[in-house]
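We just call them A, B and C in the order they show up, numbering each chain from 1.
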Amino acid sequence: EDVIFAHGENPGNPRYIAAEKWAELYTECTGSSVNVAPSATMGDDVEMLTSVGAGIIQITANSQGSFSQIVPEIGLLGLPFLFPDLETAWATVDGEVGDLIDERAHESGLKVVGYWDNGIRHITHLSKHMLEPADLAGMRIRTPPAEMTVDIFEALGASPAPLAWSEVPSALQSGVFEGQENPLTNIYFAKLHEITPYITITGHMYEASPVVVGLGWWEGLDEATQTCVTDATREAGALQRQLNKEGNEKLQATMEEEGAIFATANREAFVEATASVYDKYAETYPELVKALREAAQGQ
Amino acid sequence: MSRSSSDATGGRQRPLVHGLLKLCRGLTLGLDYSARVIAVTAMAVMFTLLLMNVVLRYIFTTGIPMAYEIHAVLLPWLVAGGLVVASARNRNIAVTLLPDMMSPTARRLVLMVVQGIVLLIAVSIVWSGQPILRASTFQSLSTLGVKQVWGYASLPYSFACISVIATCDLLRLILRDETLEESLLTPTSLS
Amino acid sequence: MSATMIWIFVLLLLGSVPVGFAILGGVAGALWLDGKSMAVLAQRLYSPTQSFPMLAIPFFILAGNLMMSGRFGTYLVNIARLLVGRFKGGMGQVSVLGSVMFGGVSGSAVADATALGNALIPVQKESGYPPAFAAAVNASSSTVSVLIPPSIPLILYGLIANVSIVNLFIAGILPGVLLAVGMMGAVAVVGKRRNLPRAPLEGGFAAFKGQLFIALPAMFMPIFVIGTLRFGIATPTEVSVMAVAYAMAVSGILYRDLSWRVLWEASVATVMMTGAVMIIIMASSTMQWVLTLERVPQFLAEWVSVTFSEPWMVIMALNVVMLLIGTVLDLPAAVLLLGPIFVGIGQAIGLDPVQLGLMMVVNLSIGLYTPPVGTTLFISSAIARVGIGATVKALLPFYMVSLLVLLLISYVPALTWY
């Protein structure tokens, strides 16, 4: 029977390319065919997770935000300035922390078979760069409806407010919001750099793209096929991470050509200003926050 | 023309027929009324929150975060309620070419088959939707913290109501309720 | 699986199963015959109700319902009469111009046909208009409403085609005006030939000044909608909410004819319309699932671009298909069914999706007054108490005008500028 691999990205995106690769690897390994459904044709990220749980589709490369609606623990990967670089982030989710999140997912009938990349988030603004935390004082910044992001920007003294993604361009255009924060790919494809050309490389949050299957489907597979799934996910994931990293570097150049102005924030000052966010989450998830900190420091 | 055949069924069954028709009309009306209350309430709450949010944002540059998430639970109920109202009043869009061309007897038969098909579809959606309902109990909305299942429940609600209404309509057609036949053949449009 | 699905759907549709259920029956049947899990039905049915932009539909319907429920209609007719009543066939001109003005508050042709038809057709008959002609003017001109913003069919198209609703609204103005001007020309010709009476407003402008002042805020609505959208002050959903607030303020404070009863009835009518439209949107989303799984839109787009060598032939073919489907299928349903496939085909020949959207809405709105099934045709003939056949005959000049406009916007992209 066909395996349906669903995701939300369009041709050209690293996740799209990696999904094609996954299909190729899985078919090679098991001999059965894969139907890749891109561009959210099987629904958005939240709907794909429901579909995986209900057995309508078998596997999805999803997003951290949507998955945290089921397994809140994955949201902790977005603790402010947690990872010094992408490689550390990858090592962390591939290790013990990733297993912990997977274990929690089992309670909801899901299984995480691997982690791909979503990107690191940066701040864009209508008229100025955010080099020091003081620059953010009182800034009206749009965030996704995610508690962690709101906490970070409140700690930085900004006034964050969640807004539906579809409404962001017009809200920025009208000046209701002065800026927003997203990975470069999202900024570029929504053309937000044309409205808010001042882009500060803050890298305040890392986001993974969990690759999720239904636990019921997973348990029905024989061990050899299970290995095929995890191997294909790891191998395609390595490609996806690499493409994402290279793509981001190229993207910055493209956006500069189109008029965006880049600057890099003073990371130490931001780290200090957001330390209180860790304390808040350590109260609810003491062990995970500790494990994450250790992993992030390469211990 | 239907007079003769209801006479033929004999006086004995009249009270039963009468009672059944009354029950069916009452049931449909009751579902219609409760659906109106549900849908209009959902719409009123969303209107109030969104308007407040727009005003707050433009005047005080703050907002109500849940204004952008509440629709995930309430729009499904607005739609579900509206769908039940539309079904109770036979206001769904259909191509009524075939029954329009037919003799009254054949037309009634077609209308019965249609109600039977609607019933079958509605029941199969309620039935096959169970895994989704289960999966949605694990998801909660990020700002509201409400489980997705509170929104999903609108789907089995509306299709269960539609099943009841279709059963009633089928019964009413069999028992020759002419007011229903008329309303089934009135064309509706939403353009 | 797709072929089975389409067959069952068409069979059920022709058998007069409601459109939404006919689609669901096709999908369910195909899934069942293929041995696939039917859980996808519930999942896809639910999905459209999670869309934030979709909220604009009930709120724009509500705003229109509220505006039309009060005294606003009378004022509007008077303004139209003041402007164009003095010409031959004046009440016919009033009907067309009234549709343009009504179009600014309502997104629905049927609402327009009912409201204006009830107000104008009896007056026209009294002053010696042939009933069939009165019905014909009303049936055809009321479709201008779905081109002048706001427009429910354009919102629907924007959502399925992933095109800016703002751009569609702006692009709709010119075709709407063009259609209205053409229809006024047709009325003028018929009015002159049949020597139809003039109908100037009694007392002229002097008697009207007071009313004009009161009616202006209501006429300001389309300007408000377009203005806020065009300059990015608010999004379609927000504008729809503000339009409701505006309609409530105008009829509550200015006209003083807003009561809880009016509000409740307008709301019930709104949720019912929303439910009836949404079941089709939801059911099409299940159908889309099957079609995309089997990559049907891609294959179809390829087939079309191979079969028809020139883009103009493709555009012609799309128009013919729509005209045929429009004779039996209601406008929003046809937009939802054909939209996703046509957008792919349009992309393949480099057709601007906004232009395609206007093409679809102009084309399929002709279907509202063509036999065998046409809602504004039925409503108008019923109000005028005249046979469908007679109305269709009187509609001939209007068919010619609308086909001409359709041809123009199909091949002159500048007419759907945004």
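Simple rule for what comes next: a residue touches a chain if its C-beta (ideal position, glycine included) is under 8 Å from a C-beta of that chain, and two chains touch if they have at least 3 such contacts.
Just so you know, these numbers come straight off a predicted model, no measurement behind them.
Looking at which two chains touch through the most C-beta pairs, you get B-C.
Chain centre most remote from that of chain B: A (centre = mean of CA atoms).
Each chain gets one centre point, the mean of its Cα atoms, and the points for chain A and chain B are 40 Å apart. Chain B and chain C, compared by their mean Cα positions, are separated by 24 Å.
Multi-chain contact residues of chain B (touching two or more other chains): 68, 131-132. Each of residues 37, 39, 43, 46, 50, 52, 234, 237-238 in chain C touches at least two other chains. Residues of chain A found to touch two or more other chains are 46, 50-51, 54-56, 164, 167.
Residue ranges of chain C in contact with chain A, taken from their complex: 37, 39-40, 43-44, 46-47, 50, 52-53, 231-235, 237-238, 288-289, 292-293. The residues of chain A lying in touch with chain B in their complex are 46, 49-51, 53-56, 65, 68-70, 107-110, 140, 145-147, 150, 159, 161-164, 167, 176. The part of chain A that touches chain C in the complex is made up of residues 4, 35, 37, 41-44, 46-47, 50-51, 54-56, 164, 166-167, 169-171, 173-174. Remark: chain B residues 57-58, 61-63, 65, 68-69, 131-132, 134-136, 138-143, 148 touch chain A in the complex. Residues of chain B that touch chain C in their complex: 36, 39-40, 43-44, 46-47, 50-51, 54, 68, 71-72, 75-76, 78-86, 89, 91-100, 110-111, 113-114, 117-118, 121-122, 124-125, 128-133, 151-152, 154-155, 187-191.
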